[in-house]
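One chain, chain A, appears in both complexes that follow, with chain B as partner in the first and chain C in the second.
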Partner chain A sequence: MLNRTAENVARATPEPLARKVRGISDKGLAWLFISPTILLLLAINIFPLFWAIYLSFTNFRANRPNEVVKNLGFANYQRILGDQDIWIAMQTTAHFVFWTILLQTLIGFTLAWLIDRKFRGHAFWTTIILVPMMLSPAVVGNFWRFLYEPQIGLFAYAISFVTRIPPTDIQMLSNVSLAPWSIIIVDTWMWTPYVMLICLAGLRSIPEYIYEAAEVDRASNWRQFWSITLPMALPFIMLAVLFRGIENFKMFDMVNLLTGGGPGSTTEVASITLKRQAFESWRTGYSSAFAIILFVAVFGLANIYVKALNKVKQR
Partner chain B sequence: MSLTTAHSVVAPSGTAKGIAGTIIVAYALISIVPLLWIFATSFKTPPDSIAYPPKIVFQPSIEGYCNLFTTRTRQTPEYINSLGPATGFCDETVRKRNMVIAGPSNFLPRFVNSLIIAFGSTFCAVFLGTLSAYGFSRFKVPLADDLLFFILSTRFMPPIAVAIPIYLMYRELGLSDTALGMILLYTAVNVSLAVWLLKGFIDEIPREYEEAAMIDGYTRLQAFWRTVLPQATTGIAATAIFCLIFAWNEYAFAALLTSGTAQTAPPFIPTIIGEGGQDWPAVAAGTTIFLVPILVFTILLRKQLLRGITFGAVRK
Partner chain C sequence: MKSSLKLALGLASAITASTAVSNVAHAEDLTLCWAAWDPANALVELSKDFTKETGIGMKFEFVPWTNYADRFLNELNSHGKLCDLIIGDSQWIGGSAENGHYVKLNDFFDKEKISMDDFVPATVVGYSEWPKNTPNYWALPAMGDVVGWTYRKDWFSKPELQKEFKEKYGWDLGPPTTFDQLKQIAEFFQKREIDGKTVYGASIYTERGSEGITMGAMDVLYSFGFQYENPKKPYEMEGFVNSEKSVKGLEFYKALYDCCTPPGASNSYMGEGVDAFKSGQVAMHMNFAFTWPGLQKDENVGGDKIGYFVNPKGPDGEQFAQLGGQGISVVSYSDKQESALKYIKWFANKDVQAKWWSLGGYSCLNAVVKDPAFPASQPYAQTFLDSMAIVKDFWAEPSYAPLLQASQKRFHDYVVAGQGSAKDALDGLVKDWTQVFQDDGKM
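Up next is the complex of A and B:
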């Protein structure tokens, strides 16, 4: 009886009044809750971004803060687009991104497909496979230098054991043609589990009855894979490719510790070039312009990709 | 034909399962070898660690751990003999190599920095993230989708590109090489993940609970505190662990913005050197100590892993 009275009173009270009585309005509360995050991001991300845009039009050098800063207009951007080293770095990045994505998608999807056979103990082994991707790329990348060491390193030893090539000839980090592959191997080792996990979610999202219907229609296993499994898992595969693509485009830590961009500049991906220009040559204005170009490239690619992803999902 | 037989038709056969299982186990074992090798190397003596062929069976030693936590100086055998008896296992091991312990190394302070910065930034990111996620989940926020995309997009920026202006800004503000500066920076990076993950978790809590609480006379704030938060604990814990792992593993900002007092473990570990190059057992010991917490967290998190790594996009 009493409950019903309370309910009636609550219902009879006009909404705005009720809110006022209860203290802060919902709108006020919403802003109170959201604004600290937005303010922090404006201070730590957006303000520096605008500063970088300003610097990209100047000849400022962070190691000479007292020098007169000259406005250069678009000169930095023009120089970057004509700079041979920058183009080589972009090619190195593209090579790295292409091969890591390809290998990780192929291996990751295959592993997910096999795990989806649900053999005994699959949950345990899945957890074991996932471990490398949770670790620090820097700390683990650093240790791979030891594994790659010719002769005393385990990797070189294992390869020479299988191929009978003398272990001193397996110079993964100092051979110009092997070094780009050394970073691809470590990245694939670390991040294949990531692609695998997302693909597994995709495979598990396919309802069983579709396969049952295909069985009734006597579709071959091959046919089922190409017309059910792959198309239905595709949005997930593309999501994994999107995340890995962005991450590897800005790859820094693992490569910096493993090869430092060397030998020479054979593994100098965009982020390493940026670091060398900004924090070793101290060309702050020039490197800011390069940073802005990289931003635009990442956002552009991500946007195109997200649109494609939505199209696939709508199908 | 009954439904149960139709079901068994699509289930993989025994042989298929066997082959799949064998390949997966083989992959898992091979992929875990580098980690086992780190662990094994941390218990080798320096000569054993660089032996050819690589030693799989060896006499375990904690010399790597001794070297990790101490700095040592080389001395003449006469000087070492003139010293009193060794005061511990490490002392004894070091003396066998004609050296004496000179003092503690920087590893412990760097490790403590990592702890302070990781926990500090995780707390801030989860606190801000929970509030924002609730705001986005329950209220009509103008331009909500744009704001959420803006929050996520900050995560796409290449760290080195962000580091250039941050470096200058921190130099002006006196935040370079301070724990506070690193906490602020990691909070800003992690808050995007926290908002996206927590919004998903809070979306899953039915609104009816709060509405009931508010009819009972709770204010919106009380309803949030007493009904939503307790139900979001699992989500908050999972989010916190993801933030913790990111801050713990982060290298690029730490390497560029810290050099001394606030340096974390990831940029420090690669700089551990012995006489004539990298002291691999000590590096392996530092790496092992650094990785163990993450291994524990990975096992705790395995059910939420998928959600965390896709910003809540895949929920399963």
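Up next is the complex of A and C:
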């Protein structure tokens, strides 16, 4: 049947085109199909990357196109690595990535484990839990900014109701100690469902017969969890951690919308610093060097992590 | 068949002709770029007269303040042809002149007999000249603006509050003339119940992202004795930016933020300030004068309920205010420079400038602002005039952006986040600014 269809297609192909195609080898045809994608990748990914590497060694400023571009060697890199503000921004990023991943993994896995019990209405609750993830970050940022508002925000009133602290004293976005946590809370609220989905896929992939065998061996629920559920779901959890880690390392939108990096520089993560240097201070060469450093850091860490993930999978 | 062919041909020709005609009609349309705010709406209204007079259509590209600099500086840096005319911020003048974004207007002014002596001197220096204080003009002063204050006249005139205030501070409650008085008033109103609602002392600029906290802090620092550089030795900042007087000024701004602003006002600029005043949250409100016409018309806080005062004096009696506002320039990448210059000529006309003021724009033309009827023309007119007489502006160097970013960070870190001392913040600022000027080869 398939052969007949192919023959029909071949017969319907106009002769001049058929003659041309007949001259192309399988490999040539494969290249023909993937070349548009490769060209596109070269144009929008690879070329800008190499261009950014080149710029990182110069004093180029995008707002002064007429100025002579000087080669600075590694001066931009030296300046960045010796800049205390950059290290503070990196620490802020690390703090944010660590806590969001920890909370999202713990809550996400717990939710997945509960949903996997398949209780009555679990499909409905799964959909409800997924809602935050479906919203646009711009909407989420603006809407949480109102929730956090100390005079009219529901969040402040809810906390006030429980703690009896006046709502106007609960200044989530203005208080230096609370502002980093305000972002962690929003990111956790929005992205825990994503971690939950991946963990749920992991839990659902565990064959039922393993649990049946454990039941026969009279293994307790706790023992089943530690010896079957967790080890078998671990590669999925690690995958979720990898995705969220990469995503949160470059976090920009939520921080920009909620605090803009403030108060002071308390929530100024690396991507905000990068944006300020590149598009507000117009230090294009300097910011290119910073972007390359960030890229190498994420790429290196992700590589180490993927190796660890592969080891876990092989066990 | 023939008739349908004729019909088709006829239709096609008609469509082609109408497109061509419309293209001809729009060929000279000018695009004016500015921020999206109340004065821009007034300019749209005003520009209808220009179209009537010249037949040149006007299109407008207005961008919200938060993206205004990013959007239009990108446009200029990429030599874009979107804007034929641009009303650019005062701090852009150095960069735009040196990078060739704006057309130099000296010859045009000479030819059209437009004299810069006819404009308020501070606006000429602030909006048109580069290098500063030299007769090199890159813009026509278009929209005068300055930071000043509004206050709740109705609250200030409540007899019970006046009595309590006099007992507490020993002077009559009224618009403050010194910053000490301003703080006392702000403290007095902070968390006070008025008409069953908790109100606060003052709304001040604290915004981190663009230029907010710098505009607010500088507005206070100038009157405390802050100077950008040694007047005798350009770019020498040590002992001027971080002088004892400057430290006192910054400490005052932080104290005002800590004691007397509404809860959560840690990222507040023009819009947030207007909201705080309009919603009856604050007794006093720091903002650019362009917000005053809108507030004056407001049903809840405008009319007789609002009053205006000039930025108060510092401890040594010095009195300055932060300059805002912009000049209008012709973009050098525009293909319609001739028409754009026609617009500038039209805009410089006295009658147009008078109408500009009546519509809600702030004219910089002496003939308008020095008219004997001007002070009484609006309740805020005299305050605007007095404020324009004491203005100072931020750096207008080509590197104004990194200079501004440095002050935004240093001021916000100290004033809002409470990190370090005022001296640390200003010492850090000298270090940052020195680095910028060294990178530019100016030091």
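Throughout what follows, the second predicted complex is superposed on the first by the 290 of 315 C-alpha atoms of A that agree within 3 Å, B and C clash if a C-alpha of one lies under 4 Å from a C-alpha of the other, contacts with A are read in each partner's own complex, and residues count from 1 in each chain.
Here, contacts are C-beta pairs under 8 Å (C-beta built on N, C-alpha and C of every residue); 3 or more make two chains touch, one makes a residue touch a chain.
Being a predicted model, the structure only gives us computed values, none of them experimental.
J.: Which of the two partners, first being chain B and second being chain C, lies in contact with A:Ala308: first, second, both, or neither?
T.: neither
J.: Applying the touch criterion given at the start, work out whether A:Thr259 contacts chain B, chain C, both or neither, answering first, second, both or neither.
T.: After superposing on A, A:Thr259 lies in contact with chain C but is clear of chain B.
J.: Touch check for A:Leu102: first (chain B), second (chain C), both, or neither?
T.: neither
J.: Please indicate which partner A:Ser174 is in contact with in the superposed arrangement: first for chain B, second for chain C, both, or neither.
T.: After superposition on chain A, A:Ser174 lies in contact with chain C alone.
J.: Taking the superposition on A as described, I'd like to know which of chain B and chain C A:Val296 touches: first, second, both or neither.
T.: neither
J.: Considering only touches as defined above, state whether A:Ile165 meets chain B (first), chain C (second), both or neither.
T.: In the superposition, A:Ile165 touches no partner, neither chain B nor chain C.
J.: Is A:Ala94 touching anything from chain B or chain C once the two structures are fitted on A? First, second, both or neither.
T.: Neither partner.
J.: Answer with first, second, both or neither: which of chain B and chain C does A:Ala62 touch in the superposed model?
T.: A:Ala62 contacts both chain B and chain C.
J.: On the A-aligned overlay, A:Phe279 touches which partner chain: chain B = first, chain C = second, or both, or neither?
T.: Touch partners of A:Phe279: chain B and chain C.
J.: Go through chain A and flag every residue that touches chain B in one model and chain C in the other.
T.: Touching chain B in the first complex and chain C in the second, residues 62, 151, 256, 279 of chain A appear in both lists.
J.: Which residues of chain A touch chain C in their complex?
T.: Result: residues 59, 62-66, 85, 148-151, 168-169, 171, 173-174, 176, 256, 259-266, 276, 279-283 of chain A touch chain C.
J.: Enumerate the contact residues on chain C facing chain A in the complex.
T.: Residues in contact with chain A: 70, 73, 77, 79, 95, 99-100, 198, 207-209, 262-267, 281, 398, 401-402, 404-405, 409, 412-414, 416-419, 439.
J.: Touching residues of chain B toward chain A in the complex: what are they?
T.: Result: residues 6-7, 9-10, 12, 16-18, 20-21, 23-25, 27-28, 31-35, 37-38, 41, 49-54, 128-129, 131-132, 134-136, 138-141, 147, 150-151, 153-154, 156-169, 171, 184-185, 187-188, 191-192, 195, 214-215, 219-221, 245, 248-252, 255-256, 265-267, 269-270, 278, 280, 283-284, 287, 290-291, 294-295, 297-299, 302, 305-306, 309-310, 313-314, 316 of chain B touch chain A.
J.: For the complex, which residues does chain A have touching chain B?
T.: The touching residues are 6-7, 10, 22-24, 26-27, 29-34, 36-38, 40-41, 43-49, 51-52, 55, 62, 111, 114-115, 117-122, 125-140, 142-147, 151-154, 157, 167, 189, 192-194, 197-198, 201, 204-205, 208, 211-212, 215-216, 236, 239, 243, 246, 249-250, 252-253, 256-257, 270-271, 274-275, 278-279, 284, 287-288, 291-292, 294-295, 298-299, 302.
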